[in-house]
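First comes the structure, then the notes that go with it.
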Amino acid sequence: MKISEGEFKERENDDVLSKGLELLEYYEKGPWPSHVTEIRKTKYPIEVYASGLGKGESQWYGGSAKIRYVYVGFISRRSKDGKQTELHFRVFHPSGQFYTTEALGKLLDFADKYGLGLIETTGQTGGMIISMDADLADEAVDVLRSIGTDIGDTGDTFRDFASCVGPALCEYAMYDSLAARDYYLAYPPIYENLSNQQFPFKVKLKFSACPMDCARAAHRADFAFIGMWDGAPDVDQDLLRKKEEEGELKIHHLVEECPSGAITWDEERKKIEISAGKCQKSMNCIRRAFPAIKPGKDRKVALLAGGNIKGRFGPKMAKPVAILDDYRQAGDFIMKIIEIWEEKSPHKERIGDMLFKEGFGKVIDGVKDTLPTNLQGIPVGQTRIINSAVLNDAERRMYSEWARRITDEYGGD
Amino acid sequence: MITPASRFKKKLPVPYTDSLPDEIKGNVGKWKDRKFHDHGIIEHISESGEHVFSVKVGATPNVRFSTDTLRKFSGIADQYGIHALRFTRSGNVELLANSLENSLKIKQAVEDLGYFVGGVGNTLWSIGSCTAYLTCTTAVVDSPSLTKVLYDNFKSYFTGEDPLPAKLRINVGGCPTSCGGLVADIVLIGHYGDAPSYDPEKIKMCLPAKADSLDKAVPELVMVCPVNAIKAYKKEDNSVGIDIIREKCIGCGRCKDVCDHITFDPHKAGLSILVGGKTSNTGFGPALARVLVPWIPVRTPEYREAVAVVSKLIDIWKSNGKPGERMSDYVHRIGLSELQKMLDIPVTRWNKPTSPPSGFGVRQFLTE
Amino acid sequence: MKISEGEFKERENDDVLSKGLELLEYYEKGPWPSHVTEIRKTKYPIEVYASGLGKGESQWYGGSAKIRYVYVGFISRRSKDGKQTELHFRVFHPSGQFYTTEALGKLLDFADKYGLGLIETTGQTGGMIISMDADLADEAVDVLRSIGTDIGDTGDTFRDFASCVGPALCEYAMYDSLAARDYYLAYPPIYENLSNQQFPFKVKLKFSACPMDCARAAHRADFAFIGMWDGAPDVDQDLLRKKEEEGELKIHHLVEECPSGAITWDEERKKIEISAGKCQKSMNCIRRAFPAIKPGKDRKVALLAGGNIKGRFGPKMAKPVAILDDYRQAGDFIMKIIEIWEEKSPHKERIGDMLFKEGFGKVIDGVKDTLPTNLQGIPVGQTRIINSAVLNDAERRMYSEWARRITDEYGGD
Amino acid sequence: MITPASRFKKKLPVPYTDSLPDEIKGNVGKWKDRKFHDHGIIEHISESGEHVFSVKVGATPNVRFSTDTLRKFSGIADQYGIHALRFTRSGNVELLANSLENSLKIKQAVEDLGYFVGGVGNTLWSIGSCTAYLTCTTAVVDSPSLTKVLYDNFKSYFTGEDPLPAKLRINVGGCPTSCGGLVADIVLIGHYGDAPSYDPEKIKMCLPAKADSLDKAVPELVMVCPVNAIKAYKKEDNSVGIDIIREKCIGCGRCKDVCDHITFDPHKAGLSILVGGKTSNTGFGPALARVLVPWIPVRTPEYREAVAVVSKLIDIWKSNGKPGERMSDYVHRIGLSELQKMLDIPVTRWNKPTSPPSGFGVRQFLTE
């Protein structure tokens, strides 16, 4: 018996599906909680997932959806067999991703009423992804806004910003990474572009309040803000010795583990010494001996740029721009870099690609007047060493007097 | 009525202070110490004398929860906790409490639901997974099911039953885009393992209609290829043809990202395994993971090859890493080639060690 | 009495000169051998120096001299009062600056006969500077050539190249820095340009045979070649222990002093371990414990570019280009960079300035096909991480087999 | 007869092997160890069993020798040495010998001539000086005479009579060009201490005749200024005028390099003192020196201010540096600000510490 091509496809698809359904069952076994089990409790079209597994290929194509006057924040899919669609919202969490059970309840009600009852609570970017009922999507936007958040985080514009839990729970936080995220989301030139602007590609900001970088900013953000400090860590020598006596730590381990060899043990005076110049702010001694060793008191925010994962030229780590006294100091800089990026980059080229192509030092140097002038460290391009000086009379007098003092000390004039 | 004006007014998430439970509100920035309990509970100690506990619960692959399960967590938070929880950056759920006793009750309740508490200290903190076949169009391999299998095998590293030298982070990405990034100790990535092909007729949909335009602009399909493996040329009929140079191609899929008519042979797909990435500035500092194994077969349901490689990596690290040494730092210390020797893995141009990317993160500043 | 302006100047100059002559006398006293005493034994116009000292200002202006068909290698000066001139040759040393007394004798005869009997034996660039009798300069060039060297090292072209003493006397030498200098002086595209080409500015190459960089290449050369090795230093544990027993060194000092924390002491097995990945090739352990610790056996030459002292943008340290297996591998690269420099730079812009302006990574990346393809470290631009692969069937089989072996080991198939 | 053809044929220096004494020729690349004697003699030990000694002799400032003196050195090399000597990269002279006994005789003979032997090991290796008033047109301060005074004061550090924690290198430059570079532990540099001025008429010689040309090209005088402190504008008569903005100027002298009609007030000249430079990869690795003191007066003949500052720096390092620690590494360890505090020096924009330049040299590669 001859079967038509359509029928053949159908049968093949049935085979694929039944293999897929078997696989689903497999993934419901085993000790770890299963995503399949969770999804089964929802209205998500699980057959598409099953077919994908059966075929060894994602069964989704890009789809389209229309929400009036809203251009980013949702993603639409259609299955390859044309039978199913899928739509999900990318939703902003409050910074730190804290929820009282009351606030969470509202979101869950929302997901049940307008969605499929399925949520990815933390996407890789840090946002929340709620699977939607396509028919109710338009209305859902306003409802979501009424419960105090919004959709965003897709398209060639600012994506969701991520911050570590920072001062809300963490003893290491050196600046308020949560307030920083709130600040930049509301920063007018960013806020304006949150869902409109068509940049060459996406832009991400990430905020970690210490060098442990729990927000993974150093690689996964176009602009990374990482808390740090100036100088050596602060040491409470008595407490440190006490910790050693109580067997909590071994000081010689701190010395050996310091990646930059900044710590030395002064056998005579029974204390450690940390070299300010050498310390690479690894946090190693601090996390091992906290609170006997703490970050130094002069807190800073390191601003890095150009990290991303794929782009045109492949994975990149962020590179150093400046050390800020305050996280608020980078607004102009960010917008200026974006301006250059819009001018220089074709579609799909991330900021890091542009910086790489145009020369990191050159671009950053060209916009350095957007950054405060009293920067402590401008490591971009080259270190400017000026071995001459243009002094005014008062300065000249001051240095003459100093020279006289030191000359007196060494043999007189 | 929905008007442009009402719709264009976006709504930002509430200021973070509004979303904090009262027990935390007054202690922001005042945490002076912390203690770890039971590999899954962190006790936060404030200057004010108050204590807050977070109980870390491992999530399903791709962090997919039904509202039903989330309501149950919420209920547990109401019953034993401080009516609050948070979602961590790495995909876990932290239920917040005000005493160790209550935290242990939360732990029990969560376990009764079939979930696990762990991921604190020298444990497996989480296995990150992207969405892949669940909603993604570009996925080559299904990361959530692979993640499930890995978690099933390595659960005892999460709960702390089986101790590790230090924190371990694993990430699984369904395609070379690797949404999870390359800054985990172990990264598994699905990829095509092959150069693309195409139907010469259909591909025209992704190319300019007339070859004259080639003088003016490079077609996007040609431009996206990072290694210039795609060449466009003028055909006799003034239409545009392309060549894909297999020797140059790195199988990255960027061409497919911009053109649905680029196809790959699904039978050649595989997983690459990268090691040595991290983002924290501890030890060797932030670094991108590098390719240890360029390709292993993908065989559902058990993904045995992947499990075997990850098992072996963890075992090597457990017996040779120093106490407190991240797997990434261990790999940096001994060198990627050394690790390859220990695994007796063939080295080709796809996993030949190059200079390790290092000196990133805050150490690039080094102010005095 | 009124004096004419000319006369006034004359007198003033006399005052300055007599003050200067007093100063000269002062600088002939004191324990250290005096340059003034040396110069007095020669025909150099010492009054100009005296006037300079008296006035607190150099008394030289640029002058001009003509030597037939020779365009670089000599410098002419005229004194500000117009009364004196000065001309000196910049002369190439043999690499390593070794002289048998016989060879030196010839040079000294030359300096007496054609010059003023005054020599700066090592200029800052590493060359020799011989003060000349201007009338004999033209003839002198040929005589100099007849005794086996030449003038050069001025003008907008290749300058003198410098090398450390290297394998001729030094136990640390990891490549032949002297042969390398000889090689590049004779390298045809360089040799051709040695005294003709008008580049935007000067070009210098420097060769140090180990990371101690005795030739000061890392800052003072446009192209720096520094010997290094791959992996960890080689340790002879027995000899090391012996050195400690004999009180020659303390092993724990080696551990503490290693700037990268690469050395650890294994108390159990009584030996040191050095991490290949961490070692920053500082030479510290090596110079302290030589020959118990030696550079690793896989010797390399690090190629860096862009160092210079002033240029348009100020002092620069050289940046990394590639690790070579052989110092001969950089010829094409150098000429290609010079080509780009000629195109991009105005007068007085050094190669380092151009690289800074255009973006170091971008320029170097653009010419990387001039470098061998099997480079071990190309740190320019970004590290290319390719997480995908295009395998042929043999490779796929190979990795499948490997996967099978490891799967068997872990529970079977 | 001199023809273009004969003249264009350049002569390269002899291959280095031709210039070696026989005692060294056979041992190139075979040196297996060395010993230091008496702070000025290095014994080179070859695998072949042969020994060669170099006796390092300190040079006059700017390494200026009369042929007479060089003939005397040559004579000593013939009498006690192996008929050979070399000039070092840092300006010293090394007389070569074949035994310690002969080396000591060389030492005696050199000292009888009024020269000193030293510069080996933990000593002052040399004070580099450029030519300055001897032949240079751009010199602000005379480095050879300043170097003479420094050597007179610090001779005992060269000979090793007075021990230092490690090698010390000092460099003196007569103007901001600093031909000696910024990679010495201590660098002294003469500079104007002021912004330039000019005669509005004479300056025209350095500017284009007609202002129209300003639209087409930036005059060289304007272009060379690294901080854009020089602005050219069109005057009423279509000639070109300039402004020099004092607030921007850094006194670098680049404008004077290209135009003799730029003038500086000689009474404002001074010395800047930089610390923390080195080129060796030991310790903190290669780094540029940074400005510690932006300006001190220049007072001949004794240059007392310069001597006092250098003395104090050496004293601080001697009492606080660790054994074997270069002054540059010491400065990096404690930080430039700390050193400034110890010196109680006013800090202005000219010597405010910025991030220390570091991470240079071979460590930039870090291959596995």
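Order of writing sets the labels: A, B, C and D. Residues in every chain begin at 1.
Just so we're on the same page, a residue touches a chain if its C-beta (ideal position, glycine included) is under 8 Å from a C-beta of that chain, and two chains touch if they have at least 3 such contacts.
On a predicted model such as this, the values are computed, not experimentally measured, just so you know.
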{"item": "Which of A-B and A-D has more C-beta pairs touching across its chains", "value": "A-B"}
{"item": "Label of the chain whose CA centroid is most distant from the centroid of chain C", "value": "B"}
{"item": "Inter-centroid spacing, chain B versus chain A (mean Cα positions, whole Å)", "value": "13"}
{"item": "Mean-CA-position distance for chain C and chain B (Å)", "value": "47"}
{"item": "Separation of chain B from chain D, taking each centre as the mean of its C-alpha atoms, in whole Å", "value": "52"}
{"item": "Per-residue multi-chain contacts in chain D, two or more chains", "value": "176, 178, 182, 284, 288, 335, 354-357, 365-368"}
{"item": "Numbers and ranges of chain A residues touching at least 2 other chains", "value": "231, 257, 259-260, 276-277, 313-315, 323, 376-377, 379, 384-387"}
{"item": "Complex interface listing, chain C residues touching chain B", "value": "231, 275-278, 323, 376-379, 383-391, 395-396, 398-400, 402-407, 409-411, 413"}
{"item": "Chain A-touching residues of chain D, taken from the complex the two chains share", "value": "176, 178, 182, 187, 189, 191-195, 246, 249-253, 268, 270, 272, 274, 284, 288-291, 293-297, 304-305, 307-309, 311-312, 331-335, 338, 343-346, 348, 350, 354-357"}
{"item": "List of chain A residues in touch with chain C within their complex", "value": "255-261, 264, 313-316, 356-362, 381-382, 384-387"}
{"item": "Interfacial residue positions of chain D with respect to chain C in the complex", "value": "2, 4, 6-8, 10-16, 18-21, 24, 28-29, 31-34, 42, 44, 52, 54, 58-71, 74, 77-78, 83-91, 93, 114-116, 128, 130-140, 142, 144-145, 148-149, 151-152, 155, 174, 176-183, 220, 223-224, 226, 254, 257-258, 260, 266, 269, 279-288, 298, 300-301, 324, 357, 360-368"}
